[in-house]
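Down below are the structures I want you to see.
Same chain, two partners: subunit A is paired with subunit B first, then with subunit C.
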Partner chain A sequence: MNMRLVTRVTLGFAVAAPLAIGPNIEAQAAEDFIKIGEVGSTTGSEATFGVATHQGVDLAIKEINATGGIKGKKLKVILLDDQGKPEEAATATTRLITQDKVTAIIGEVASSRSLAMAPIAQQYKIPMISPSSTNPKVTEIGDYIFRVCFIDPFQGFVMARFAAENLKIKRVAILRDVKNDYSVGLAKYFTETFKKLGGDIVLDQSYSAGDIDFKSQLTAIRATKPDAIFVPGYYTEVGLIARQARSLGIKVPMMGGDGWDSPKLLQIGGKAMEGAYFSNHYSAEDKSPHVQAFIDRYRKAYKDTPSGLAAMGFDATMVLADAMKRAKSLSTSDIRAALAATKDFQGVTGRISIDQQRNAVKPAVVLKVVNGSFAYESTIRPG
Partner chain B sequence: MEAVRRQTRMPKHRFLFSASTYQTLSWGLVLLAAFVVSPWIEQGINPYWFTIVIYCGINIILAVSLNLVNGFTGQFSIGHAGFMAVGAYVAAVVTMALGANPAWNEFVASNGISESAVLPIGLCLGGIAAAGAGYMVGMPSLRLRGDYLAIVTLGFGEIIRVIMMNTEAVGGASGLNNIPFLSNFGWVYSSVVLTVFCVWRMVHSSHGRTLLAVREDEIAGEAMGVNTTQAKVRAFAMGAFFAGVAGGLYAHQLRILTPQTFDFNRSFEVVIMVVLGGMGSISGSVVAAVLLTVLREALRVVQTWYEIDIRMVIYSLVLIILMLTRPNGLFGSREITDFFPASLRRKLAGGAEARGGVK
Partner chain C sequence: MDQFLQHVINALSLGSIYALIALGYTMVFGVLQLINFAHGEIYMLGAFTGMYTIRWLRLEEHPGIGSLIIALIAAMAASATAGFIIERLAYRPLRKSPRINLLITAVGVSLFLQYSGQLVFGSDPQFFPTGILELEGYNWSYGDLVIEPMQIVALVLALILMFVLQYIIFRTRLGRAMRAVSFNHDFASLMGIPTNQIISATFMLGSALAGAAGVLVGLIYPKIDPLMGTMPGLKAFVAAVLGGIGNVTGAVLGAFTLGLAEEFLVGYWVPTYRDALAFGILILILLFKPSGLLGVHRAEKV
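Let's turn to the complex of A and B:
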């Protein structure tokens, strides 16, 4: 019995070890490839994030390879799953850099996982591009960390511009989520920009994520007779707020940020959401020819309309490929320098420039809720 | 009752002292090995494998400490991630506060202490905080049994997570980042040795006997004069302490803490390690922790071959097969020393074991 046990355990390790070390035959044959690592949550509770992003990345890689690759070499993406856990993201990043010897890394969607990966990429001086982590802290980790999405404060700016210039309104009330740095940041930058554009913040009320009853705040807001209410929260509370606002007889439009971007918003808010505006990264209804061309190609490949995350994954890869083309050599420091010099790159999610803090400067789209779906309203450019 | 017979046959040591010469020698050797292996591991080994080694160590601490509660005391706790979170956050806050404190930095510089010296302080305070949490949860809830206790511990883990999520001082929902990178092989290895040593001595002391009594038959134990609540709280607090230490090491390895990391899935991962290794077997917990940690990473290769992630499918299949073929876990309630030759075993266990004879 004992011997059998010992044999089994040893056998287990004997099987596991060579599996782990893996066949390096493939790696040797892949010398003509430029290897790009991707870390994403392709399983777990946030699997849709990782899968959508990877489809965007994959489409970009195929298109680049179809046109001859970069500096005579084809691209190859190695995707590792992190199950939505920060420590798995960190281990996967270490593996991609030290075992697979990738030239650059694309990932992650969620800021918490990007924050776990970034110190490792920075340590080994491997350029890392996050497609859609909006937390400003991510790129502050070091000069090898980039992103192709805008950061949270920018959305406050976008909605203020939209309110002042497109809706031409003067009086806005704010209802912010105090427990959420995303919401607080949006409200702060909205106030700054809106006042600069000659608008007036008539009232600034707050709530906490998880609240159910917003009637007292909304009654106070109703008394000030605003032209619109800015609610930069997440979709669950926003839906409830909209319902209660309508039942109190508040008819003015509501505005918000990309935290609204979920079908759940319409399930919870229902008809009360009609006519509301929010900022987002991209809209599939954008009529620009290159956006429509991307959607066509994506539909052909995956029989599905690309989500915002897929578009961001596509853009992250394209920005990286563009930097590799412009770089003096394929060394990681040259690629980093080229990435930092990215200017007016025409991506699906807008014209992308990388600023001093390695964040993307790019336009945002504003969507409107019309007949229970999100309709493209306008594009707001930075600056 | 075979397990009890074997375990009760062991001598009644006091907790940390009075180990036999051979025991002292072998533990000393194990600790010394750290100094021999450490430079080789830190320099020579691929950083990826090094990371896995570190996570193996952290998981060993978690599994062995939970085994004290679940395996030896027979209390089904599924809130280990909560204690780990307490230790992780406290340790991270301590090292970050000390690192930013000019008086401390001056003290360190003038006395020539290595910068990583803040880590043991953080680990100890983290462990103590976790033990305190374990004591607080244990006192009222350990009067419950079986499923009810499991629910209470599960609830506790979630409460900790929600508190962290709503505390701005530790980063709230977006997490605590910029934690210094201090976990190295030396600290992880010595923490593992310390954990295994303490749990092993605990189980083989008279305090440990009371734990076994609680597990086997609480009523009979009480009739024999065992203070069962005290025994349970003791096991709980000690298990929580080491979970806190593991959390501290984890925080200084990953450099970011988010409340979502410590959800009940992590608690279950540790429970799986304990059950797979064998309830009431320290060596079983060690082997299972290493096996499961390595297995998960080893299966990554499969993903690079087939482009789809079937890691968790294989992982679950391995678990099912192992539990079907070995329903009591890999080791049952045996220890690795049970497989040693009889003469060595006698020497290790000291005089009393020798007199008791071998089976």
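Let's turn to the complex of A and C:
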């Protein structure tokens, strides 16, 4: 205790100047670890998101530590569960910053929760990297907020282009989750691009997360005879929606976004999911050596094929570690600057460059459900 | 026209789900004047018991009505036990205290079960094994109109259970005792009616109904999670109030009315207001006809 106090005081003098910038530099200097906070929904109805992401993060941390860590220090991740609630995510962020004194934060998957966390990270000037929140508003909160995934305008663009150019369809009905920023945003961007490409949105219906009966919306959709239904929701509801659509005799394909990425989708939706398309961050069928190597290491650690979210968690951590290595010092402002300068970082989910708006610019893949698994269908690049 | 009829069919199926849950709600209220907010969670327990029974006994390998009955019995037994324990531990000690204490306790029990459920079952949604009945692909269709066998099963079961309850309440000794306890707890006790046992029995009966509803809902909407009981529980409560709380036929009528109202609101107008509709109805009925649609005849109360 005494020794620590002495160290702290001495170090406090030594780094008196940078102290004015980051409040927690002093604490870091006294530690052997670089602490990284992670906020995720490891329980709650979207537990798949938090658990998969954390497995990716954990694997990355282990690999970085095995190769000697960063600037002579090992990384340590502190995971807090937010139960899938924005208010819990905000509390967890405050706790990570003020009590655990983390250097950077990884989180969240869901845009509504990242939006609750970002103002806090920005206020304390702690770099925050969202692995897979795709709503554009997230990084607009401030210059300390980054992401390693593409954003919804792009994801909406991808599915709209895929529908118009690959599937060659003209009439699409939308069924969005009004409780979810991600879903509402994605529906909006899909509509914009699809109309520009000459398509027609025949009906725009909505539901609320947690609903189990979608037959009234689907009956209304059926009457408009669309060529496809765009359901940019989470896997929790999409499985039931697909089932009910099929039992109402709707045979057209369903389309969605990366919120579908969970084995539960296939479990709950069963045969009804066959032939559905969704955009995602990566495909496990990608034959690139670095992707297959990642899949091998992930399988060894967790006996499971990594989902897109696990790959994003891995990439978020790797991008952060890369920035920390390049940063002049481990002060939060130097790490921020290094993150902003990330260019052509080879991640599992593609080459990642951070743009002016602190978003990642990279291609998206479209997956198709075939015989109860996600098969690679197409890659769509920005622009 | 096809679309309109399809909406009606969907509404009847949704209404029968609400009815199955509302029956237990209304019965417990009828006897105890207690709004058992934990009812939705008992329904959740029923669904999970059904799922685990099917998994452990591998009932999916022997699909058929027998497997369904085994799952139903297991779920009803577990729910009845849960209902008994909840009444014994949480409500009975408070029976002589003000009504509001009981109400707050009920909310507490409900939250306790939701979060214990997340701890025990995990909070990720689970797939309810629908394979115990080989009904997929056996839909009846006339043009665009589609009817699923499970929709008929739920509807028929809701109606049968309504008549069975009606019979128990008005034609059996147990029912007579229940009505006596409902009428006046102390006098019933003076007349030699074992009020504690009657109240326990009422709780168990109501909870068993919720358990059965859990299994049926699992079969129709095969995604179950520990928080699944909250919204249907509240909706069933609205249905029970709409029909006249404490009145068994009223609960079923209220459930179908709510189902129809929701279906047409979502299908033809603004889907966003689905949940608001139920609570809007609750406010209106409490303002203008607090006794509910069928609640006028005091004598009909349980």
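Convention: the second predicted complex is superposed on the first by the 219 of 383 C-alpha atoms of A that agree within 3 Å, B and C clash if a C-alpha of one lies under 4 Å from a C-alpha of the other, contacts with A are read in each partner's own complex, and residues count from 1 in each chain.
Heads up, the rule we're going with is that a contact is a pair of C-beta atoms (placed from the backbone, for glycine too) under 8 Å apart; a residue touches a chain by one contact, two chains touch by 3 or more.
Remember, it's a predicted structure, so these values are computed and weren't measured experimentally.
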{"item": "Touching partner for A:Thr43 - first (subunit B), second (subunit C), both, neither", "value": "both"}
{"item": "Contacts of A:Gln122 with subunit B and subunit C, given as first, second, both or neither", "value": "neither"}
{"item": "Partner chain in contact with A:Ala92 - subunit B first, subunit C second, else both or neither", "value": "first"}
{"item": "Touching partner for A:Lys137 - first (subunit B), second (subunit C), both, neither", "value": "first"}
{"item": "Which superposed partner A:Ile78 touches (first subunit B, second subunit C, both, neither)", "value": "first"}
{"item": "First (subunit B), second (subunit C), both or neither touched by A:Arg222", "value": "second"}
{"item": "Contacts of A:Ser247 with subunit B and subunit C, given as first, second, both or neither", "value": "second"}
{"item": "Touching partner for A:Asp211 - first (subunit B), second (subunit C), both, neither", "value": "second"}
{"item": "Partner chain(s) touched by A:Asp181 [first = subunit B, second = subunit C, both, neither]", "value": "first"}
{"item": "Shared subunit A contacts, counted only where both subunit B and subunit C touch the same residue", "value": "43, 83"}
{"item": "In the complex, subunit B residues that touch subunit A", "value": "46-48, 51-52, 55, 166, 168, 172-175, 177, 181, 250, 253-256, 258, 260-261, 287, 291, 294-295, 297-304, 307, 309, 311-312, 326, 330-331, 338-339"}
{"item": "Subunit B-touching residues of subunit A, taken from the complex the two chains share", "value": "2, 5-6, 9, 12-13, 16-17, 19-20, 22, 42-43, 78-81, 83, 85-87, 90-92, 94-95, 97-100, 111-112, 115-116, 119, 135, 137, 179-182"}
{"item": "Subunit A contact footprint on subunit C (complex, rising order)", "value": "3, 6-7, 10-11, 13-14, 118, 122-125, 127, 136, 139, 141, 144, 146, 148, 217, 221-223, 225, 227-228, 231-232, 262-264, 266-268, 271-272, 274-275"}
{"item": "Contacting residues of subunit A [partner subunit C, same complex]", "value": "43-48, 83-84, 178, 205-208, 210-213, 215-217, 219-220, 222-223, 236, 239-240, 243, 247-249, 264, 267-268, 271"}
